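Here it is, the structure in full.
We call the chains A, B, C and D, going by the order they appear; numbering starts again at 1 in every chain.
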Amino acid sequence: MTDFIRNNRVAVIGAAVVLLACIVLTLVAGTDSDIVRKTTSILRFAWTFAIPLVLAALVGVIGERSGVVNIGIEGQILASAFAGFFVAAASGSVWIGILAGLLTGMVMGAFLAWLCVRLRMDQIIAGVVLNIVATGITSFYYVQGKSLPSGVPVWEVPLLSKIPIIGPVFFRGGPIALGTLVVVVGLVFALFHTRWGLRTRAIGEYPTAADTAGINVNLMRFVNVTMAGLLAGAAGAVLSMEQSSTFERGMSAGKGFLALAIMIFGAWFPGRAFFAALFFGLMSGLASQLQADKVVNIPQQFINLLPFVLTLIILSVAAGRVRPPAASGQPFVKGEGS
Amino acid sequence: GGTAAAPAAECGTADAFCIGLVTDSGKVDDKSFNQSAWEGVQAAVKAIPGSQSKYVETTDTKDYAANIKQFTDKKYNVVVTVGFLMTEATQAAAKANPNVKFIGIDQFQDTAKVGEIANLAGLTFPEDQAGYAAGVLAAKLSKTKVLGQVLGMQIAPVEKFAKGFEAGAKSVASDIKVITVYHPAGDNAFTDPAWGAAEAQKQLDQKADVIFGAGGKTGNGALGQVAKASGAGESIFCIGVDTDQWNTVPEAQKCLVTSAMKLISEGTADQIKAIKGATFKGGNVTGKAGLAEYHAFDSKVPADVKDAVSKVVADLKSGALQTGVKLG
Amino acid sequence: MAERILDIEGLVKVYGTVRANDGITLHVNRGEIVALLGENGAGKSTLVKQIFGLVIPDSGTISINGSVAKIKDPTDAIARGVGMVHQHFQLVPVMTVAENVVLGNEPLKGLRLDLSSARELVRTISERHGLEVDPDAIIEDLPVGTQQRVEIIKALSRKVELLILDEPTAVLTPQETDELLAVMKELAAAGTAIVFITHKLREVLAVADRVYVLRRGKTVGEVKASETDAAGLAQLMVGRTVVLQVDKEDPKVGAEVLKVTDLEVMDDRHLKAVNGFNLTVNAGEIVGVAGVEGNGQRELVEAIAGMRRPVKGAIALGGVDITLANPYQTHAAGLGHIPEDREKHGLVSDYSIADNLVLNRFDEPEFRNGPVRDTAAINANADNWIKTFDIRTPSGDLPASSLSGGNKQKVVVAREMSIEPRLLLAAQPTRGVDVGSIEFIHRRIVEARDRGAAVLLVSAELDEILGLADRIAVIHSGKVVKEMPAEGADRTYIGELMAGGH
Amino acid sequence: MSQQRPTSTLARFQSFLVPVLALVVAFTIGGILISLQGVNPFLAYKSLFSSAWFTSDGLLRTLQKTTPLILTGLAVAIPLKIGLFNIGAQGQLILGGLMTAWIGYSLNLPGILLIPLSILGGIFFGALWAWVAGILKAKRNVHEVISTIMLNSIAAGLVDFFISGPMKEPDQSIPRTPQIHSGAMLPNLGFIPIGFPVAIALAIAVWWMLKRTVLGFQFITVGENSHAARYAGIDIAKTIMLGMVLAGGLAGLGGAIETMGVTHRYESGFNAGLGFDGITIALLARGNPLGTIPAAILVATLRAGAASLQFDTGIQPEVVDMLLAITLLLVSIPILSGLLGKKSSEPPAVTPVSKEEVPA
């Protein structure tokens, strides 16, 4: 634990500062003040917006850390949202629906892994194929007039949910929303403090080294990409079941691609991806807030563009410093290059 | 098109009465205007013996004309085109096919520009009136004096609903606050329920206690979210749009007081019957708009509020009251 | 009889038409150091990769400690006491020494990686064998010699009974090599069996107990190291008496062609690799740059060729400043460049041989009609050079990837000669090339000199430098530490200079 | 996919056979799906194809739909040759289309001036938008997949701003520009929209450029081995930018032709997905510029025939997406080509231009 804190000092200090700010703000202005309400509401919007993005970005992080570029996340989200919703409607249980969403993401992950790892197909093209297949299937088999048997329950984490501002935003929510936090922290830990993480980073950086150390590179890539699919499945399920109660054609609306930007923004670190997604959410939340408050006279479109422009600027300024896992995108062929 | 109409006489023959419908980029079961229009067609088919119907769903907005042509080629008697965006395609087709009758839903005919087209009825609805009545109701139900609107794309029908709602609310109490948010433009402005839900939650967090969701699936997402709020149906309410959403969005029943409706089905069916009965006039036709039933909320809405709302509805209809909504 | 730890019978591995291993039979005893010798491509690496489970044999048996069970993968090999130090380092550059050492064999504390015991493990092994290294250093920050140490520590960190070293000394200074040889002896004395691959006969004679010589995938000889000498080993390797001396006349030195002044160049990690380098090369002479790999040679060559921008200093070609010129401009100025890494820089392997023969000349008027490529001229050019350079291929239309290493190198050399360069920059021109091709390429380089070209030869092979160069510049830490005429140069003295002595 | 590699007749046969076989298998699977919906697949296909090809206005519409698809297909295929994956054809196309509309309605010039001016405007803005991604890649090493995704969103926002703000048609509540002057409209030659032969000619020109010219050699060398390209004196940064500018220009031209020949104005939703379809087209064409022609015709046929299909059989138009997905899957995955042979029919690989080759 102490190690963990030491290694994630920035995040820990940042969290402490934010926490303190929230407490002070609440004490000074009062729980029911406009400013506290507004802050809470925008933060909640940001987090809601960010959840599928965080999950999807983590899919990208796991994939690339293992050496597989996944641009099929969009398709995984779409198909999972579809499967989750319709299975829930057909089975009468949102839980079975969520499970179906997760499994769909996983199966598509396995399919991508099969194409990229087994067949050594170009990874970008495999991802595009995945997206188009998902679009085809979900639009053809879409039927109207179904609805969820019930809402997804909302849970509260005792104690934590009582923290001013942050508590009700992050520690109150559906199972996937709460699970996302667990996944972020878990992945930070797993990637940098476990055997799995060490090996995953090794196969994404220098697979032949891992191979000679006795690690089955392709098997591990296959498993990682497949299991990461569960997170893509969660991103889909959260869209069609937790955050709304319906499926729509094209519902993923570019979130899978945005997640890739977030992954890069986060420099392939799960923790940073979390904050990057939150930042995008904040931008989006602020855009509609400014629209509603009519405070500034900037056309709404420009505010909405801000995150994208900022991403471009940050990427071009930081381009020299962020570097992807060296072997990401490259199929591994045993016995070559060693 | 996908209908189960019994094999009847060949369209174009004297015994046949064929009705075709072209959707705006969307499906006939979209729980929104396409569906309402199609229900209107079906109601008419039921009422007119020997009639039959078919639809074609538009996937590319550039295909409006081609999709209309499917029906005119087959000598259909009536072609219903749904949505504001098809105005020009419909007018052109109507001019080219004087023997076919057209019903254009949400399509206002600017007679100064296009002249009178006798075989086309441009069916529009006073959305601002429905919105106004809903706004009055919302303002009267609100304890916090904060209302919210979660809207789809900023296009005429949506804007008329929204401005009407705000005007209605302000007519009750000028200090009432209405939080108004349109979906940030994009191809999914009407199909982004997750955004609608998050936006509704934001408005709830900012003390809004009645939320008007108007924008296809995006609005429905907002309604669904309000229904999940604690106090939904007691101190927190939502209002639907277009059709009686009590039936189409069951997950919102917990908060859904009423819906600001435009009676597309009824208007469509009436026009088709008029065509059959040869009483069809063409030109601009104004359909009906108003509030849906209260359903389960009938007992919860105070009688004085109901009375006030009914009076507003009546006054709007008679012209005694103007919404004052102007677009542009 | 000594205890056999490895026993190989009739091992065969075929790649396409190449019989990389063609019925190899050999054995290794406990505590014994066995050297594998052979020309490039003889099949040494292929052989040891099979022992380590990286390559699966087509037929034949490998028995370890008497068990003939198939070696499925490295895990399997490691479990059976085999350790391997690879010709190309198998270290993850962004990870620490400790992480690399335990990769695949991680100590755990519950779910967590136990990195402190990993560090402890590195420290213990490095102390025991005098292999000094900081367990927390990031691999990519370490010099190659130290990386090599990490490789050895990694191999020793598992229980090894049989240690395989594939050309471990290629990147080491003579001192580091000696240290390594000492470690090997010590390990052998403690009972570890060692298979040692090297091209340096001196090393074989210094440590090996027995030597196997491979040629074209077959074991063609087995001798006790104590019963042979360098000449005998060389004869066994090539199958004939080897004349490494190149026939050449005295140089007719002309005007100054290349002048490098106070050059400073950064490497990929933004460290100063070339640091105050000064050298001139005149027309009609070959100047050899001798040095241990990693002393700035690559960066120097790339800077002269225009592929890397110097941070300081000047480069002039025939009096014209080309310090900041790009490869296009240096080429136009008459620079021919045989790059160190022919697969990466010198060739496009999917392109035809014909296209590769004009790879950097494709837009010369000779090979185009206006905007269109002149295929007839390109093919004629190819036919000409294929014939002149005896490039072994049925057709210039075949992709370069179909060529053997030596022939690939001939394509590059032919192309660079085809412009009749004023300055020929030859970086490791015979690396990975068989003896026949080496002779051929050497002759061509001398011919270019005799035509009046200035030649800068950069090579890690001291013998190549001694054989070809007219003048020798020894490079160490990015600068010239000594210049001398090749005539009568003493190889021991140069070796010491290369290691940073004097 | 190297240009000069001799393609044996067998290999050439395979690279033709794989897509054809993929198509046959995809339509067979599609047929099964259709019959599962209770419809005779032969009837369905007959309805689809006869309406798309065998009526003159159907054919016109098919060719109208083909035109921008060829162009966006090329806009993806060219960068693919340099090792870049241009996801940005959408943004490039819509900006081009918008600018063409703006020129076309705001300048009242005779057609002889207005037509070239409008086209150039479209090309210019498409190229400009792609150039941004190109320069970010070349100078700052920003991955083009990410930058083009961002640029697509930015373009969509800008277009929306303009058509609902400064360029909005007065007295009109739909966000759209006014109609372009009739002088700027492209006519149809019978059932052939004038843009169609232009697109075909450009596909052939691009193919020729890549296959035969010095410039093409330069492009492909960068894509095949950027290290060797740099060694060979090729300016990689310039090649990247040039390739992207060409691509963006083609996508922008697609938008221009769409505006001038079909929609006659810019209206929200008119160009949804055309640029993204370019990715499908380029992949169906296996990166071959000539292949974009049949690929675009296929996609356009399916789209144009979908309405008739629904009218005649009740099958949802989305069956088209399904057919495309299956076809693309079969064309792309190495299995089918593995059955027939190998290598020569491998799909284009996106080999990233490596970082160190791009000077900062």
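Convention: a residue touches a chain if its C-beta (ideal position, glycine included) is under 8 Å from a C-beta of that chain, and two chains touch if they have at least 3 such contacts.
A quick map from chain label to UniProt name: A, D = ABC transporter permease; C = ABC transporter ATP-binding protein.
What you see is a predicted model, and the numbers here were worked out from it, not measured in a lab.
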Sorted by label, the chains bordering both subunit A (ABC transporter permease) and subunit B are D
For the pairs C-D and A-D, output the one whose chains share more C-beta pairs in contact.
A-D
Chain of greatest Cα-centre distance to subunit C
B
If you average the CA atoms of subunit C and of subunit D (ABC transporter permease), how far apart do the two points sit, in angstrom?
46
Using mean CA coordinates as chain centres, what's the gap between subunit A (ABC transporter permease) and subunit D (ABC transporter permease) in Å?
30
Mind checking the centre-to-centre distance between subunit A (ABC transporter permease) and subunit C? Centres are C-alpha means, answer in whole Å.
45
So, what's the distance in Å between the C-alpha centres of subunit C and subunit B?
76
Indicate the residues of subunit B shared as contacts by at least two other chains.
185-187
Give me the residues of subunit C that touch two or more other chains.
none
Of all residues in subunit A (ABC transporter permease), the ones touching two or more other chains
249, 301, 304
Quick one: label the inter-chain contact graph as line, ring, star, complete or other.
other
So the complete set of touching chain pairs is A-B, A-C, A-D, B-D, C-D
Once bound in the complex, which stretches of subunit B touch subunit D (ABC transporter permease)?
1-3, 25, 54, 56-63, 66-67, 69-70, 74, 84-85, 153-156, 159, 185-187, 327-328
For a test of understanding, state which residues of subunit A (ABC transporter permease) touch subunit C in their complex under the given definition.
193-195, 197-199, 201-202, 205-206, 208-216, 326, 334-335, 337-338
For the complex, which residues does subunit C have touching subunit D (ABC transporter permease)?
268, 305, 307, 309, 326-329, 331-332, 337, 339, 344-352, 354-355, 359-360, 362-363, 368, 371-373, 375, 397-399
Given the complex with subunit A (ABC transporter permease), which residues does subunit C contribute to the contact?
49, 52, 54-55, 73-78, 84, 86, 88-95, 99-100, 102-106, 108, 111-113, 154
Would you tell me which residues of subunit B are touching subunit A (ABC transporter permease) in their complex?
27, 29-31, 179-182, 184-188, 191-199, 201-207, 217, 220-221, 224-225, 228, 250-251
